[in-house]
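Several structures are given next for inspection.
Next come two complexes, and both contain chain A; in the first it sits with chain B, in the second with chain C.
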Partner chain A sequence: MDTRILTTDGLQALVDALHARGFEVMGPVVRDGAIAFGRVRALTDLPAGWGDEQEPGRYRLHRRDDPLLFAFAAGVQSAKPLFFPAQEVLWRVRAGDGEASPTVELTPVAVTAGEAPVAVLGVRSCDLAAIGIQDTVLLRRTYGDAAYALRREGTFVVAVTCSHPADTCFCVSMGTGPRPGAGPGPAAPYDLAMTEVSDELGHRFVVEVGSDRGADLLAELVARGVDAAEARPADRVAADRVVAEATARMGRRLDTDGLKELLYAAAESPVWDEVASRCLACGNCTQVCPTCFCTDVRDVTDLTGGLVERERVWDSCFDAEYSYIHGGSVRASTRSRYRQWLTHKLAAWEDQFGMSGCVGCGRCITWCPAAIDLTAEVAALRDEGGRA
Partner chain B sequence: MTARPKLAVWKFASCDGCQLTLLNCEDELVPLAGEIEIAYFPEATRAVVEGPYDVSLVEGSITTPADLERIHQVRAVSRRLITIGACATSGGIQALRNFADVAEFRSVVYAHPEYLETLDRSTPVAAHVTVDFELRGCPVDRHQLLELLSAELAGRRPRIPTYSVCVECKRRGAVCVMVAGGAPCLGPVTQAGCGALCPAYSRGCYGCFGPQDTPNTRSEADRLRALGRDEVEVLRMFRTFNAAAEPFRQESRRHEAARQHPGQEVAP
Partner chain C sequence: MVPRRFRVASTRRDNHDTLTVQLEPCEGGPLAFAAGQFTMLQVFGVGEVPISISGDPRGSGPLQHTIRDVGSVSHALAFAAPGQVLGVRGPYGTGWEVADGKGGDVVLVAGGIGLAPLRPALLEICAERDDYERVSLLYGARTPSDVLFADDLRSWAEDHRITVEVIVDRGEAGWTGRIGLVTQLIGKVAFGADQRLALVCGPEVMMRHSAVALVARGVEPQRVRLSMERNMKCGVGLCGHCQLRELFLCLDGPVLPFDRLEPLMSRAEL
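Moving on, here comes the complex of A and B:
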């Protein structure tokens, strides 16, 4: 199926069609003063006319004087929790009653418990690239993550071109945006990708197809008589302009040249001491990062001991217990934890997975309560390296 | 069937909120009573089973000479001694006296201060006897309390994280009140446990669970100042339920000093 043009009514028809196919549609909604993922039934659930301002340690929404539905940058969280929930039961055993043998629920408990498959609407390019990275980390290694695999497989992804990057964004530096499909990882996985355009030809969405499933859904809309004309050259030009303008407005830059070597050589840099004096070791950066995958796995029992569950929860390299091995924490200081975070993300990740662990979404900058900016820390390390 | 372990619940200087948290575990009280013999718990029952006890839960701080003696007796009759709540683990809100002159308080508050026997400072239980586990919170969280008791019964390590409230805040998908609202929040320096209750209701964290394992209170204070809080406000934020927990104590002292000697760095 070729690139098509949807009006807002057409987009609503797309959402309806996804619901009709049994998907729970999740997309950007305004919640508690920020853009977060929430249920989308009607387009009125989307943040029409809302924009965001982001800078280190600060996030604010503001009203816009246009009807655009996706005119903001990365929200509080990426799509990560939809596939890789913050808390998950891996397996569960119940003691048998009397002579009965114990029941074992090998999981994914939650997935098999009948969660509806999810369609994600409005995944921006950085987050799409992050899904590609997580697929590599969680699926393409010797032992894949069963729960993640199930959730990912069932998911329908409608990506969106990032038209309004924030001051904290640097996807261009990381080669992950602003157009969906860019990315260092495996082909960025979307079913449909749209670019929101508003000009003299009207408010519309230029929709590209990324999978058979996506083509099938669009074909269904066309067959039902939904206004979904083939894209004209003018539509493609308009979409390209959105991309070019967003690229020009990128708020930040990260010089990735020789970054791995720089970080590996900087293990004893005084820059780590300086950043550690500000770092709260709170873990927010890792919790909002769309690629961080570290977890803690523990067994819990109930009062009677009749129920045992193995639970997996998000952890963070900023947690002292995260590096606890017999006798104590390997990374006892905040200095060593910040160094771990940056070095893993931007250097060791390459050796481990053949790509950077950062997609340039800027969340760790915005949501750091201490306003620490990794691009500034890398620049400081470069300066330091230059001086040494 | 082996004998159920005997549980005792003791009260020192406290508001009873932590004991009430145990009583509030309504659905779990029956299974709990099946696994543990509630041998001494005056807040719940007048029946007393003689010690020694397998597990003692101790609420409250040490503020009187009599309590100082009694805590040693409690220790002597307890195989495992677990303190519950901010009072028992850091001295509680009543440790505000540690920053002031108790004799003066006494004469201002009581008509007959001479009837009163009290110590200069409110101190945590661990300052006097060996404590096997300290459960934080003002009050303690019922899920954590049940997890702790379940772990005791199973003989395993309890799953009580020592990282920040922020981790729980993000895990539950709350929007950061500090970043998105400019509200003062102690979450980054406070230990998790409550499930980020206040931030989930768009309020900053009050620090009920005391300092996290690696608290950078100085940087936190700098951020609070950058958000427009003055020295006194920052001082008061650190001086609440866990005022006497060492990192919070030092931080509030720093701001007290800064207020008294502006522009000078004073040792806490």
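Moving on, here comes the complex of A and C:
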């Protein structure tokens, strides 16, 4: 199937077709003053006419004077929680007669019971790359994550070109955008990728096919008489212009040259002390990061102790308990925790998984209450390394 | 992530705060493991902790873990009643690969409870004792009452030609042995010229000093193996807690050669 042009009516038909195929369609919606993933039935659920302003420690929505549906940057969360929820039950134990009973029954929890497969609409390029990283971290391992595998299996992904990057964005530096699947960065496969265009030829979506399932869905729309014309040269030029303009508007950059060696060599740098004087160790950065994967487990019992549930919850390397072993925390200082987070994300990740752990979405900058900017911290380490 | 059920067969007290729990599977065969590997061991409703296996990797007897009663989970494990069902995941991690020491001299250095993860390696050596040259165990304990596996120590020395040297931090009435740090013994140990292998397990600071002393004695850093401890929640490299820079100690370790660990161990709070 060639690249096609969908109108807003055509996009609605696409959403309807996904529902008809049994998918729960999740896309960007306005919630609590921010853009987050939510259920999408009609295009009116999408943030039409909303834009965002992001800078270190600040996020605001504002009204736009156009009807664009995807004219904003990274929302408060990536698609990560759709496949990797912040809290889930792994298994439960029922003891016949208290914990000492030999009649302990262990039940693995079927994570997807009652959950429809998810179609994610409007996954921007940085978050698409993040799904690719999560797939590597959680699936392509000695022991994969069974719950994640079940949720990811059968997912339908409709990616979107990021047309309005924020002041905090640096996907171009990380090779992950603004076009889905662009550059050398790791990206998950998408089924369809669209670029939202609005010019003298009208408001429309240039839709590229990334999989057989994507082609099949588009073909179904065409067969049903939905307006899905083949893209003209002018449409391709318009889509390329969106990419070029977004690239030019990228708010930040991160020099990735020799980053692993730089960070490994900077383990005792005074820059960590300086950033620790501002860092609250609150863990916000890890909670909004689309690739952070650390989890804790806790056993929750009912009052009799006869029912025990093993819950897995997101954890953060900024928490004192995170590195606790008998005798105390390995990383007692904020300095060592910030160093761990940044060094893992930008350096150790390369050794572990053959790629950077950062996609340049800028969420950790936006949602840091102390306005700490990792691109500035890396620049400081680089300056200091240059002086040494 | 779902554990197998094991039943407590019996528990043996090793000293004032350490017990060895013997487990039998509720269903299925015994757990095959390599010396140096650990399991995630849990008391349902209390919690789960990583514990090294201290039994014989060649035996078909009960699964053994030697547990020091220092926290809520280890207490519940150490004092689990016979018949109680516990959860076992694993075995996980890298082993000592002690067979690499065949044809040469092997030195084992243990500090405190660190003797427990080394016990399977010692039992493996004893089973094929003639394949090794000189074997020495240097064992440091806090006090004479803290010494573990007294019967084993005697048997290894008398029946298996292993040089066993015990040293304590503080003596007690009746103690006629050495007082000091286990690292002091490394300078005196008998070594051949090549094919040497050293296995070290204990508190991190003790392992670092021991490894440096062993390298100073001429053991190649890649032939000095340490068993590292970090917080572990999953045991399979997914939860992130046990990271030491690029290493997931539950998967890449716990047993790692000193040449890989040295640059990482020399940094505080890494």
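Here, the second predicted complex is superposed on the first by the 368 of 388 C-alpha atoms of A that agree within 3 Å, B and C clash if a C-alpha of one lies under 4 Å from a C-alpha of the other, contacts with A are read in each partner's own complex, and residues count from 1 in each chain.
Following the convention adopted for this analysis, a contact is a pair of C-beta atoms (placed from the backbone, for glycine too) under 8 Å apart; a residue touches a chain by one contact, two chains touch by 3 or more.
Since the structure is predicted, the reported quantities are computational estimates derived from the model, not experimental observations.
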| item | value |
| --- | --- |
| Chain B versus chain C as contact partner of A:299, first or second or both or neither | both |
| First (chain B), second (chain C), both or neither touched by A:58 | first |
| Partner chain in contact with A:320 - chain B first, chain C second, else both or neither | first |
| Chain B versus chain C as contact partner of A:371, first or second or both or neither | first |
| Which superposed partner A:279 touches (first chain B, second chain C, both, neither) | first |
| Touched partner set for A:138, first chain B, second chain C, both or neither | second |
| Chain B/chain C common contact set on chain A | 299, 301, 305 |
| Chain A partner contacts - residues on chain B that touch it in the complex | 28, 31-32, 34-35, 146-147, 149-151, 153-154, 156, 159, 161-164, 166-167, 170-176, 178-182, 185, 187-189, 202, 212-216, 218-220, 222-223 |
| Residues of chain A touching chain B in the complex | 31-34, 36, 57-60, 76-77, 81, 86-87, 277-284, 287-288, 298-305, 313-314, 316, 318-321, 334, 337, 366-371 |
| Of chain A, residues touching chain C in the complex | 90-91, 93, 95, 99-104, 106, 108, 137-138, 141-143, 145-146, 264, 267-268, 293-297, 299, 301, 305, 308, 310, 312, 315, 317, 322-326, 330-333, 335-336, 340, 343-344, 347-348, 351-352 |
| Of all residues in chain C, those that touch chain A in their complex | 1-3, 5, 7, 26, 42-48, 70-71, 81, 83-85, 87, 229-231, 233-234, 236-241, 243, 245-246, 248, 251, 267-270 |
